[in-house]
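Please read the structure below before turning to the comments.
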Amino acid sequence: MTQLKQQVCEANLQLPAHQLVTFSWGNVSAIDRQSGLMVIKPSGVAYEKLRPEDMVVVEPDGYYHGPLRPSSDTATHLALYRQYPELGGIVHTHSTYATAWAQAMRPVPVLGTTHADYFYGEIPCTRQLKAEEVSHDYERNTGEVIIHTLQDRPPMQVPAVIVAQHGPFCWGSDAAEAVHNAVVLEEVARLAWLSCQLKPQPEVIPPYLQDKHFKRKHGKHAYYGQG
Amino acid sequence: MTQLKQQVCEANLQLPAHQLVTFSWGNVSAIDRQSGLMVIKPSGVAYEKLRPEDMVVVEPDGYYHGPLRPSSDTATHLALYRQYPELGGIVHTHSTYATAWAQAMRPVPVLGTTHADYFYGEIPCTRQLKAEEVSHDYERNTGEVIIHTLQDRPPMQVPAVIVAQHGPFCWGSDAAEAVHNAVVLEEVARLAWLSCQLKPQPEVIPPYLQDKHFKRKHGKHAYYGQG
Amino acid sequence: MTQLKQQVCEANLQLPAHQLVTFSWGNVSAIDRQSGLMVIKPSGVAYEKLRPEDMVVVEPDGYYHGPLRPSSDTATHLALYRQYPELGGIVHTHSTYATAWAQAMRPVPVLGTTHADYFYGEIPCTRQLKAEEVSHDYERNTGEVIIHTLQDRPPMQVPAVIVAQHGPFCWGSDAAEAVHNAVVLEEVARLAWLSCQLKPQPEVIPPYLQDKHFKRKHGKHAYYGQG
Amino acid sequence: MTQLKQQVCEANLQLPAHQLVTFSWGNVSAIDRQSGLMVIKPSGVAYEKLRPEDMVVVEPDGYYHGPLRPSSDTATHLALYRQYPELGGIVHTHSTYATAWAQAMRPVPVLGTTHADYFYGEIPCTRQLKAEEVSHDYERNTGEVIIHTLQDRPPMQVPAVIVAQHGPFCWGSDAAEAVHNAVVLEEVARLAWLSCQLKPQPEVIPPYLQDKHFKRKHGKHAYYGQG
């Protein structure tokens, strides 16, 4: 757990370093798949004071060992880990451009290769949560709606979903990769926002360009990087 | 007073640190409710030169003890403290996005949970001041128009109002919380501005989502943070 | 001249410090009214290498003493000093938002008190220069067109003009004040740009609010600052 | 080669310094025209870890000497060097505003003198690549499409092309000048983007103003700088 707490703490500190958060708005978790234990940021603690030992260990049912309370979004993280065994880390932020799309309740269209390098297809936006989903088990229901939105798309090919009128959740094979994807999402959301001001409905890229770029970076035929 | 001057000085220095001000455009005050004395930034002094001992003590009627003159917006602060006993600190800035809404004379609509976490309902924009309100007691009248705009809404549930064709006033239980709310206002104003470029009239959030988020952070059922 | 060179060098270094310039795009001058000599930044020299002794002394007719060549915009500065005896310093930049208005060939409307505090009325945009004005004495003609644009408005009440399809020229009583006004112009241009995205033609402020704010800061009835 | 590797490494490090890249998205190369060897950034290596000795030497046919693999865009660089003997350095980025235009598949119009100082005429955008151009020799075909887009325009008068739905390629007489042009392109793309929000189709500058500004900085009649 010590190592995982260290990783989760470092990943949380990357959020302000990449200007993805204001004050304490955001949280990163990681899971130890062997024990099933999740490590997550404590709720409402300022990033500048965050230490590895402050990270909170949470059991799959949400039970946690004090003294600090885990992030208020804990149940969303747990729901996603439960559904997708390939997830090792999850990030939630209110990063500016991704949240702007969430507030407009529009998915982020694939307008270029920057997007295609990391996301296979559009970044979906959930439907609004219903009154009863908000009043009971709100955070778990947020996770369920994300899962419903992804449908059959593999989560590692769409490592982010934006929650309507709220903000993005992102993931990866570990906490660091999840944060990496959160940074990419924000830049992709910004690029798409800017393009939409130059042309109301820009053309999405053709499927062969999507394939080429995503596969240049992912899978066994990848030739980007030093792999 | 020494401690309050220290707090007000530190709160003022948070304005440039959070990029809410250009040059000396902005001011923070706090009030000592026992003595009724207000402490406020001196007028037109550069932030980099601001020291706790430069803060100006002002009596409820506006009388101050030299040598420095208090902020030219002093009478606005006094009017708000007089009306709302729950206020402990007030901030005025020309922060960019909040001022853009003020210049367009539009209230900031509740488009997402970032807004709902801090503000219960839209952030209102005042009507324009009339010629006679500007020519006599302009700064006091600015306070009166803010009060008129808030109507019966509790000021701690709407900790900011934007003054038409001018800029925002924010408040809190003390100077630090007022500045915190000024930072949030600017980010919320920016998010709403961005969303409105993606969709001309984005849907406001449903009342149950507003309730959930505001109450998750405020009041006796709050479960955000380490409370 | 040593002191003026020092002031002009320092004022030039404020341009990158306030993020008003990319590379060497921009220049500040000041004039010694007794001798009639102008001191200006050398042409195309990087800010990080600029030293007071590099500043170039230029005579009213444009003659300069080696070894460095003065800014290519020298004749524009000279034309403005010749016309307006109250000018002590001049700045030219391609600062982003002011240049965006220049490229759209629109004046910056008075949408709020931030603008009114520094500029009495809209910030005008020149007409386009004609072919013959560009082919002969281009830089001097740029100055003439600025003068023509100002008409009878006092230059110290409108301390900036934006040149169509080019960028802003700003001025003040000395080099430091001219740079101060260039920073204000950029923020005012940004605020107006943002407001125009929320409402296509925002209402300009009423004359009584313009008067109040400008006179709160300027003239014998000013009560802003420590006077 | 040691000196060229040093130059290419330094030029690559200028990309994050000028905020033109996120993570490792971008690459700079230079060519030694005598030997025909190109030096380029290794693929997917983080800028903070980049050392001169990591630069990869590539032969004109794409053959390289290990241990690191060259940038995945190597074949695009080689195609451009092959076609244009005057090129000494090439840069590829996904810089934000230039990429926004690429995603909207619009050329950047000449709206002001900032543009005219560096680019003679609009900055063209390529057509989309076809399926067969993407599936075989994608990166070489990207170079071919850039060449096709430039037509007969001299590449040193148009030192950048934006690739549709992808991003910009820029060049210069060496690696440092190519990066300089990439910084200028981003600012010019931003200015044009901003202007287009103030006026849907801003007027392009007249030919005589384009000529004046480009020739003030380039060719034997240049009088900008200390030349």
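Residue numbering begins at 1 within each chain, and the chains themselves are lettered A, B, C and D in the order written.
Here is the rule we use: a contact is a pair of C-beta atoms (placed from the backbone, for glycine too) under 8 Å apart; a residue touches a chain by one contact, two chains touch by 3 or more.
Per UniProt, the chains are A, B, C, D = L-ribulose-5-phosphate 4-epimerase.
Small disclaimer: the values here were computed from a predicted structure and weren't measured.
**Student:** If you list every residue number at the subunit A and subunit D contact, are more than half found on both copies (same) or fewer than half (different)?
**Tutor:** different
**Student:** Determine the centre-to-centre distance between subunit A and subunit B, using the mean Cα coordinates as centres, and give it in whole Å.
**Tutor:** Inter-chain centre distance comes to 33 Å.
**Student:** If you average the Cα atoms of subunit A and of subunit C to get two centres, how far apart are those centres in Å?
**Tutor:** Result: the chain centres lie 46 Å from each other.
**Student:** Touching at least two other chains at once: which residues of subunit B meet that condition?
**Tutor:** Residue numbers touching two or more other chains: 197.
**Student:** Can you name every pair of chains that touch?
**Tutor:** By the stated definition, chains touch in these pairs: A-B, A-D, B-C, C-D.
**Student:** Name, in rising order, each residue of subunit C that touches subunit D in their complex.
**Tutor:** 22-23, 25, 42-45, 68-69, 72, 94, 96-97, 99-106, 128-129, 131, 134-135, 138, 165-167, 193, 196-197
**Student:** Taking the touch rule as given, give the residues of subunit A at its contact with subunit D in the complex, in rising order.
**Tutor:** 111-114, 180, 183-184, 187, 190-192, 194-195, 197-199, 202-203, 205-206, 208-209, 212, 216, 223-227
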